[in-house]
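Note that chain A is present in both complexes that follow, paired respectively with chain B and with chain C.
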Partner chain A sequence: MFDIVNLIIIPLFATIVVRIVGLKYRNITFHITLFSLLLVLFIATFNLFNIDVVSYVMGGFSAYKGIELVGSKFSYALISAITLAALLSLINSSAVIDRHFNLKKVNYYSLYLLAMSGFIGLCLTNDLFNLYVFLEVTSLSSYALLSLGNKRSYLSSFNYLLIGSVGASFYLLSIGYLYSITGSLNFTEVSNIIINLDSSIIKNIAFAFFIVGIFIKMAVFPFHFWLPNSYHYAINPVSSLFASVGTKVSAFIFIKILLGIYGITFITQNYDLHLLLEILVSLAIIFGGCFALIQNRIKRLITYIIVIEIGYIVAGMIIGTDLSIKASMYHIISDVFITLGLFLFVTILSFIVSDKHTVNLNYSQLYQCFKKSKLASWGFIIIMLVVIGLPPTPGFISKWLLLTSAYSAESYIIFGSLIFSSIVTVVIFFRILESMLFKTEFSNELTVRKVNFSMVLPLYVVIFILAILSIYSNELFENVINPFIERI
Partner chain B sequence: MEIFLEQINYIVFLILMLIGVYAMMIKNNLMKKVIGLIIFQTSIILYFISLAYKDHASIPILAHHSGADHHIDISHYDNPVPHALMLTAIVVGVATTGLALALIQRIYERFNTLEEDQIIKILKDK
Partner chain C sequence: MIYLSLLFIIPIAQIIFINIPKLSKANIEFITICSTIFTFISAVLLANNFYAISGKEFVLLETIGNLRFSLFLDKAGLVFILLASFLWIFASLFSFGYMNSTGEKDLHKFYSFFALSIMLTFGIALSANLLTFYLFYESLSLATFPLVTHYRNDDAKAGGRKYLTYLFGSSLILSLPALVIIYLNGGNSSFALGGIESLELMPSLVVICAIFGFSKSALFPFHSWLPNAMVAPTPVSSLLHAVAVVKAGVFGIIRVVGFVFGFDYINSMSFFGISLSLILVIIASISVLYPSLVALSANNLKRRLAFSTISQLAYISIGAFLLSKVSIIAALLHIVMHALSKIILFFVAGGIYVTTGIKYISDLKGMGRKSPFLFIAFIIGSFGVVGLPISGGFYSKFLLLSSTINSNYPILIWVFLLSSVFSSIYLFQVPFIAFQKNNDFQVNKKLPFSIFISILLVCIASVLIFFFADQVYYFLMGFNEEF
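The block that comes next holds the complex of A and B.
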């Protein structure tokens, strides 16, 4: 009924419509954005429940000549998740945008839609070079959007542009190496050819460039330094979109190429490479935890929590057993909502304590927030419990699967780092709880504003979705994640 | 020497890439960093075009009368795919450069300087 290409075309078309309509009627651009994202969400969820793997060839050229899009259940699930996340942060942020960026509204919404169409394209495409183009579409719009913010945001966005372009160029270079030995750009064909080349040095070089490029995009530890700066200094709505969606879609690309082209045995059977990646990802989790622990500002703390969460996803891939891959794929979907929930709370908090659009939030302001809006504070506590991984939550499911598979695969480094990060998040949680419930000497200097219910509502929608994810986790594993792994 | 000349494209690609990375990492001026980025992206374009090159080959356009019955020897034609890919990559590079220049303009408006250490000093003083 619905071609999957519509999922990309609708936001792309809406980008142009917003720009043209926005010339005259600035106020309805929000409604166009909302409507087109709702349409995408509807099509993606419809596809999720009704159709299975479909292939779409662009312009009618066969898959090996032209560009092929492949939609699987998992990519529909991810598209539904990211579109829902984008919708919630759009609704949550419309008041902020109206007040502070009314003149830039048209640019803001058109870039928002452009980024979304790029993200959806990344989930669907089955062509290596097409993937690069979508990667650059999302990156360019994210550089532009993340430059909205306080004094530092231009500089941090500029640094992100430099490092992000280098990452994308490394990815392009790895395509070049793969193309030089396979002569093809289609995922399926490349993997068919490459499987017969047992020990080609070019294959390894391509993998090295790919790992560096995608780790920069995902913000895995040694390449993570752009993320806290650019997300911290940008305005809240923008950082909540890119934090919840951007890194997770990059993680999906990582899984798609690692499983789809190289095969998981490429890293599990190569002892040195496996050990190197294990150490790298353990360092990512440990350092993310340490940096999160020493932060005094809430938003910066949350950006380091993202670094830890990305570490979990990569750890699942590196361990490389069937169970751990499933766990990391499950964590991609649940982490979209965990991160979104954290950032929605930051939006509410900065609305409560300050009139400006960017503000340094520290622990002492949590006390005021708790006094002013109990509902939002309890929502934040619930989401922090998910981050820790308390038993019935989705955070527990993925973390438990990761721990057991790390233990059975004898990767004790990752096992230790997972335990360490759990302890760190518990410490952070109690620090937050303490500063919420007990007054400190710093906490009576600010004028606080009351928050209305429509800002808190998205936070509870996120909690509701997380609950659904944990209740229906079996169905998700059986019907969505298993077919994806078996097909590849 | 012979090997060196055969590989000259790839050696130049490597040198250009390193120059680009060097400029981005070491240079203090933001404008020079952007120039480094451009050099870096250009080196990758050189790499792709070198992949497509064949000795004594011509442009990949079939003559009008050579239909399906003619045997086509692909070693007589350059590979067109990398050229097509690089056309897109050049467009992406132009967009990146444009955005970087726009950001630089804003940074200059705000700080009145493009030297990174001075900008950081201004930010720390506040």
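The block that comes next holds the complex of A and C.
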């Protein structure tokens, strides 16, 4: 009924519409954005429940020459999740944008939509080069959006631009190498050809370039340094969009290429590579935890929590058993909402304590927040419970599956780092709990504003979705994740 | 099934109702007491329909990797539920008087978390496998944290920090890895007396981690959170830190030893050449004797009671570590008997604090003559803790002693006797000091009626249990035949 290409076309088209309409009527741009994202959400959820794997060929060229889009249940689920995340942070942010960036509003919304069409394209595309194009589309709009904020945000966004471009170039090089040995850019064809090339050195080089490029985009440990800065200094709505959507979509690309082209045995059967990646991902989790622990500022703390969560997703892939791959795919979807919830709370918190759009949020402000908005604080506590993995939240389900599969696959390094990160997140959680309940000497210095219910509502929508993800986890595994893995 | 869910629905309904904004104090108290009574009634109904419900498993959530959360009812769980719901009534009654006379605000929060904690305790009693147990166990630590730190001052902060550090630290470092290993070796099926059948052989370190991960049981190296948690208001100390939380810890030990690993499994294990059960018994003996010695020197009444609790909890752990069915039943009985008598002691400590503001034992001189009721109640409670006749504690201790003689370690009888001597000294010292002559002593306030009635009723209950203990014993004995 709905071609999957609509999912990309609608936001892309709306980008242009917003730009043109915005010349004259600036105030309806928000509504256009909202409407187009709602439409995408509707189509994606409709597809999720009604159709299975669909292939769409752009412009009618045959799949192996032209660009092919493939929609599977998992990509519909991910698109629904990221569109919902974008919608919620859009609703949550409209007040901030109206207040502080009224003149830049048109650009903001058009870039927002452009980024979304890029993200959706990344989820759907079945073509290596097309994937690069969408990667650049999202990256370019994210550089522009992340530079909204205080003065530091220009610098950190520029920093991200440099690193992101390096990452994209590595990815491009990897495509080049793959094309040189397979002569194709289509995922399916490349994987068919590459399976017969047992030990081609070029195949390994392409993999190395790919891993480095995608790890930069995903912010896995040694390449994570751009993420905390650029997300911390950007304004809240932007960081909440890119934090909840960007890294997760990159993780999906990682899974798609690792499983779809190389096959999981490529890393599990190569002892040295497997060990290297195991150490890398364990370091990612451990260092993410350590850095999160020493932060005093809430938003920066949350950016390091993202580093840990990305570590979980990669760890599931590296362990490489059936269960752990499923766990990491499940964690991609649940992590979209976990991160979104955390950032929505940051938006509320900065609204409560300050009039300005960027503010340093300390632990001591949590006390004010707890006094002023019980609902928001409880929402934050519930989301943090998911982060620490209290059973039976989605955080627990994925962490438990990772722990059991790490132990049974004898990846004791990952097992240890998972335990370590659990302890670290629990310590952070207690620190948050303590600063909410107990007054400190800094607590009374700030002017405090009251939040209205409409700001808190998105937070509870997120909690509701996390509950759904936990209750229907079995259906999700059976009907969405399992077919995806079996097909590849 | 309906009675099972009532145990969760009633406290949740209570929490929702008492959080209605601008509810008067009388209404909050009315809703709370109704909820406690209804909960107890549904627990009794559960007991009446026990044979219809027991043995069935109610799956809450099931997903891939055999990850399953489910509830079931067995005799051990039922006894725990009856105990917790019964004492909840009196603890609520007591807290009405206590919280009013100390002028507490935010009562709806206090009662909400109280109800939540009790609900999670029911969940612990009903858990059908280790994962579900872990769920409720961790949630209970979190739900009791606002209660422990109720006063929000520096002491509360320090106590709360220690509370969470010990409980979560041990469960993450020790329990979680052990849980993963047990689960992977076939331990994901339901609890069964005598151990899960399909369990493969694991290193004995796993058993040690699994047991010591339950630091709510306050076994020796992990006991010091309990005295610090006494910064909480006395109703919290009385119900949670004498009944619900700490008993959840020892209940976990009983579940792990008796229902996951089984006696033969642990008997066959050794740790660096020493029999595992010997190590466990030695550590438990240390935690019987060492806190008794500390309690002798503690001048703060609640602190003394806390150390006494640690020592009595170790009795229950020894009951589990003796690895026989009689000793496990003795341990379960001791959970009941100790709870019934320890709650009196805490109530009395609260009553003393409310009427005079005294926290230290040395200040009590002369109080016994002014308010004899409190100290007679204290003596009745002490009888139970020491294990003298006319109180239920006599039976459970007697059973523990007799199972000690039949076990491999008859020397434990001296541990029990020595600690009984200690406990009778440090407990009876309190009324002894109080009944001394001191004409200057002034009682500032009258004892609130609700505190009086709750102490009286629990005293009656703890004497009555002496005459009906055989009922509980035979009920529990039956649980051998069933499995």
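Rule of thumb we're sticking to: the second predicted complex is superposed on the first by the 488 of 488 C-alpha atoms of A that agree within 3 Å, B and C clash if a C-alpha of one lies under 4 Å from a C-alpha of the other, contacts with A are read in each partner's own complex, and residues count from 1 in each chain.
Operating definition for what follows: contacts are C-beta pairs under 8 Å (C-beta built on N, C-alpha and C of every residue); 3 or more make two chains touch, one makes a residue touch a chain.
What you are looking at is a predicted structure, and each value in this text was computed from that prediction instead of being measured.
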| said: Quick check on the superposed pair: does A:Pro392 touch chain B, chain C, both, or neither? Answer first, second, both or neither. | reply: second
| message | Touch test for A:Tyr154: chain B only (first), chain C only (second), both, or neither? | response | first
| task | Could you tell me if A:Tyr143 is touching chain B, chain C, both of them or neither one (first, second, both, neither)? | result | first
| message | Once chain A of both complexes is superposed, is A:Val57 in touch with chain B (first), chain C (second), both, or neither? | response | neither
| task | Considering only the touch criterion stated at the top, classify A:Ser470 as touching first (chain B), second (chain C), both, or neither. | result | second
| query | Which of the two partners, first being chain B and second being chain C, lies in contact with A:Tyr407: first, second, both, or neither? | reply | second
| message | Just checking: does A:Glu434 make contact with chain B only, chain C only, both, or neither of them? Give me first, second, both or neither. | response | second
| Touching residues (chain side chain C, partner chain A) in the complex | 60-65, 67, 69, 131, 134-135, 138-139, 142, 145-146, 149, 152, 156-157, 160-161, 164-165, 168-169, 172-173, 176-177, 180-181, 183-184
| Complex interface listing, chain B residues touching chain A | 21, 24, 30, 33, 37, 40-41, 44, 47-48, 51, 81-82, 85, 88-89, 92, 95-96, 99-100, 103-104, 106-107, 110, 119, 123, 126
| note | chain A contacts chain B in the complex at 129, 132-133, 136, 140, 143-144, 147, 151-152, 154-155, 157-158, 161-162, 165-166, 169, 172-173, 176, 179-180, 185
| message | Looking at the complex, which residues from chain A come into contact with chain C? | response | 323, 326, 385, 390-392, 397, 400-401, 403-405, 407-408, 415, 419, 422-423, 426, 430, 433-434, 437-439, 470-471, 473-474, 477-478
